[in-house]
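Every chain is named by a letter (A, B, C and D) in the order it is written, and numbering of its residues begins at 1.
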Amino acid sequence: MTSSPGGLAAKTLPLLRHPVLRRLAQAFFVAFLLMVFAFLLIRLIPGDPAMILLGDEATEEDVIAYRKLLGIDGSIPSQFGRYVSNLVRGDFGVSIRSREPVLSIVGKRLPVSLWLTVTTIVMTIALALPLGVAAALYRRTWFGHAFQIGASVLVATPVFFSGLLLILLFAVQVNLAPIAGYHAGFPANLYYLWLPALTINFVLVPVLARILQSSIVETSTEEFVEAAIIRGTQGWRFYWRYLLRPSLAPTIAALGYFAATVVSYAVIIEIIFNLPGLGMTLVDAVRNRDYPLVQGIVFLSGLLVVGLTFMADLVNGWLDPRAQIR
Amino acid sequence: MTAVTAHAGEKMQQKDMTRPLLEGKDISVTFGRGAEAFDAVRAASVTVHGGEAVGIVGESGSGKTTLARALVGLQRPSAGEVWLEGQPLFSAGTEQRMPRSERWKTQMIFQDPYSSLNPRMRVWQAVAEAVQVWQNLSGAEARMEALRLLNAMGISDDQARQFPKSLSGGQRQRVSVARALAPDPKVLIADEPTSSIDQSAQAQLLNLLRRLQSERGLAIIFISHDLGLVRYLTSRVYVMQKGDIVEAGKTQDVLERPQHSYTQLLIDSIPGR
Amino acid sequence: MCQQKEREIEPLLEVKDLCISFGKGGGRKLPVIDAANLSLDQRQAVGIVGESGSGKTMLCRALIGTLPRHGAGIVSGTVRFDGQELAGAPERVWRGIRGREIGYIPQSSLAGLNPVLTVETQLVESITAVGSFSRQEARQEAAGLLEKVRIPRAQQVLKARSHQLSGGMRQRVMIAAAIAQGPKLLIADEPTTALDVTIQREILSLITQLRQELNMALILVSHDLAVIEEVCDDVMVMYAGASVEAGPVAALSKAPRHPYTRALRVSRVDRAVPGQDLEAIPGDAASVGSWPAGCRFWPRCALADEACRRDTQPALMPTAQQLSACIHAERMAELEQ
Amino acid sequence: MTAGSPSIAPAGRLSRVELRRYWRQLNAESRWGVVILALILVLSVSVPLLSPNDPYGFVDQPLQPPSAAFLFGTDHLGRDLLVRVFTAARLDIALAILGVSVPILIGTFIGTLAGTTRNRIAETVWDGLVNALTAFPEIILVLGIVAMVGADIRGLLIAIWISRWAQYARIARAKSLALRDAEFVQAAQVLGYSQLRILVRHIMPNVFSEALAYALSDFIFIIVIIGGLSFLGLGVTPPTPEWGAMLAEGRLYLRTEPWLILFPGFFLSLTAIGVALLARGLERISKGEDD
């Protein structure tokens, strides 16, 4: 992540020299711009959205009412002002279809998506860390070569295909997972979530393991590793202090970045596995041209990623003091 | 030995009467603002005459590179003026900028041979580009001229066809010199050009610079932390410490009778002393 | 008894006809060193001088047993240290040697310290590797080490990480870590390359003092002959993977018996006359993988003749007070005119 | 594996000798990538040309398993799956190339400009813009734009263009920031070259090579987005043959007629795998690894 916004702010506000506060200020700035983008999204609609929704036979009153519903009545600055003040008060608009507040729809559907995301990320870490370390340590053996080829193959296989294949294998042939569906409540939901999470990890784990692997390989050529070997540092202490810890920073940073990818893939995965999460809601909303609902979900998903990235940054700063001085 | 120094002295006297070719007057460079501001260079004045080689010595952080960058217009000084051939090129007071048409007169060779050539251009192209921009030649003529310049620097036609990555550090620095000479400049500023090349390549490069100075009458500002190099190549020297010029004078005098304790420390630190 | 006697005459370290290649297994081997010879006694200081690509760093790695990490290995030759053969020694043997018997200061002070650990953590590792110390004792020992390398405010430096220290300070910490286990031999690979001249002077004199205080032998690698002349008793000159001359510093500086050594001396600017050309070595240094046949130096040598081109790289032979790998060692006087 | 070089589409002015030289510089991974991509290109050109069957036409009973007459079987409407799979290949690859090429041009241009200006406030706003745009989960942003612009090929492409350029801008900006301090750029300034010349001759080529490397991995992502959105019914829609849309159709027959998803899915994956192998191979060559 670039640090320029914080850099400028640090010049003007001494408080922002603290790295955590600086990151926080950055996150808020980005969140504000997310809001602007979400606001602009609805202006991409060619023509009059109200007319599109109502058709040609709409009455004048209906069109005016719809414009109000969509927040596109009045001048652009006043629209934006209203939009922002509504958002701040937690009003994300109303679904055109169900007339239910966007926030309450999201509130109902979000837990499923969050569970999927969290399950996926936990699984990613559990799988990618050992795999990356092994791929680095056994780089020149058959395992290392198999890892390279296997990673390229898995990374390139689209989730909606690998998802179907996994259903074919685990749900149809072996019956270790349900074909689709969801049942709320931990830990029962894990039964429904492990296969979708695994599907996303088919793409994510190779990428992350590769980053960790090349980071470890790079670290291992550093002088300080040689110095540690020479002064006789051995065993787990050597691996943790000299190979893994200095290499984790880029991996964690990537993990924060991949939060967006997980949320992305979750959309398709929810459709395949029939999970009633935000992704499914979004796809339905797109099909139904439910503009406010689409707008709200796009904005909130961005906000979610900014939050996750912020957390990854914090962990990163703690792991690697070099990151703070940049 | 005596004949050489006498000759050099004579030359110096001659030059002292004429006005300097390049002159930096009271140049200051400040980085940052407010509480974090620090002066990289403080009111430094340097001059160089035609055909003269002048040294700037100092350790890392002394401001010598920043001063050089200010002289070629790569760094905007916060105060001071740069004069070339009696004409003001830049003045911090008027925010006047160095006109592009004047730039060719002062050229520079950089410290890192590995980043001073564009990795996507063949060696001859890098030189031919400079030739074409400044000498109004056709493509084929520029290529011939570039190869001629490169050959004079000891780069063969075969090497000129390569990309920089297949050249050694010493060869790259000589390519940099060829490129800097393409506009036929009057002043050449060399910023630690030998600090990251091997000793045998260093001797080749130093010979080249010395000949450019004595045979073509090129004025050279040689920046280094190594007093040995400065002693060999220059007749006058400025010693910099933490942004200030703490001592200036004829190289021989400064080395034999240093007035400032920092100069003395630098002299004592030369290996083999 | 008999062994005891032998040890008295045997040098502390003897490297004989060492060949090192990149790559594993048969087929594609790329030699980086093919005739390195080095000998050093207890408490002696020997310098290794050579330009980039001459193999001097690889030789150091062979002496601390880290060649495999760099994709290289010893092909032939011997490395005897303190009566023990180290060429091809298993990792188990190296663990008893590295740090304890042979200390090492790496090339670049910038990357020598782990950026995520404090100085204290790394020094304590060094200290506890040899004996059992309590945490408190180890910390005290670490502070003592920093004092030994003349670091003021040791407590503050112990808590620092590498990016908070200056280059000179980092290199002092590296020296402290290298001497922590009281080695008999200290290897310093270009320890001052990235440092300012004034700091370089301080570090070199620190190394010299510590060597005397702790009775260590020293191998100092540098591309600068002047640095070596200042610190060392003997010097070994490397060119393109081979030792080309070795002997007392004084002999090599007064009457070099290899044209390359001579060229290194006369191409220096220190004693050159301003206004006169330096006697530069023509051409470029032979790089790894493209060594010429015959004597490696012949394409750049004024003495070269048919014999130099035809034969293989000559071995070191005694001449005057030193060893030289030039078949025309006796004709060296010609070059002085 | 090392057998003769594959016939890559029109070689232009490249001579046979040169092709062979390039081939020799490649490592195993990138060679596999080239072979796979060449195979798919050849099949996607030749199969629809040579086959007597129409990708839209009814040719036999629906849901026939693969046989000698219909190598890939027939789909739920009785269309020849083989012809459909390779007609889809043409569309998917063309769309992916279109999807990559516009963002790389726009993004690199904007990013390089942003990287070469020295205005703190502009930089701050710029950083925020790119960070915000790249913070949106990619597919969600694409879906959002498609919802507004329209769920068809045009909407899909516009959505990809709007959402992907920022990645290239980010890469280009980082690279040009680094290049701004490179000594060869400073040398160009000292030589008095015009800003335009420095930008076009010295900065752009170096930025572009970095962007191209990214473009290969982006190609994979974009082909997944195209397939993914069509799979969701929001991109290319039936009856147009498109891999993702075909998977969506075949999904209903997953238990009983799995070949309906296996063939389109396999060739979609194989295309992406070919590009992935090529990208990885080239990356390793440029890094200087050759094991």
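Here, contacts are C-beta pairs under 8 Å (C-beta built on N, C-alpha and C of every residue); 3 or more make two chains touch, one makes a residue touch a chain.
What you are looking at is a predicted structure, and each value in this text was computed from that prediction instead of being measured.
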Least step count from chain C to chain D, where 1 means the two chains touch: 2
Busiest interface, counted in C-beta pairs: A-D
Distance from chain D to chain B - Cα centre to Cα centre, in angstrom: 48
Chain centre separation (chain A, chain D; CA means) in Å: 22
Centre-to-centre distance between chain B and chain A (centres being mean Cα positions), rounded to whole Å: 52
Contacts with 2+ other chains: residues of chain D: none
Residue ranges of chain A touching chain D (in the complex, touch as defined): 1-2, 4-5, 7-8, 26, 29-30, 32-34, 36-37, 41-42, 44-46, 139-140, 148-149, 151-153, 155-161, 164-165, 167-168, 172, 260-265, 267-268, 271-272, 279, 282-283, 285-287, 289, 291, 294-295, 297-298, 301-302, 305-306, 309
Residue ranges of chain C touching chain B (in the complex, touch as defined): 51-52, 196-198, 200-201, 204, 223-224, 226-227, 229-230, 263-264, 267-270, 272-281, 284-285, 287
Residue numbers on chain B that touch chain C, as the complex places them: 1, 4-5, 7-8, 59-60, 168-171, 198-204, 206-207, 210-211, 214, 225-229, 231-233, 235, 251, 265-266, 268-272
Contact footprint of chain C on chain A as seen in their complex: 220, 222-224, 226-234, 237, 241-242, 245-246, 319-322, 325
Complex interface listing, chain D residues touching chain A: 29, 120-121, 123-124, 127-129, 131-141, 143-151, 174, 220, 223-224, 227-228, 231-234, 244, 247, 251, 254-255, 258, 261, 265, 268-269, 272-273, 275-277, 280, 291
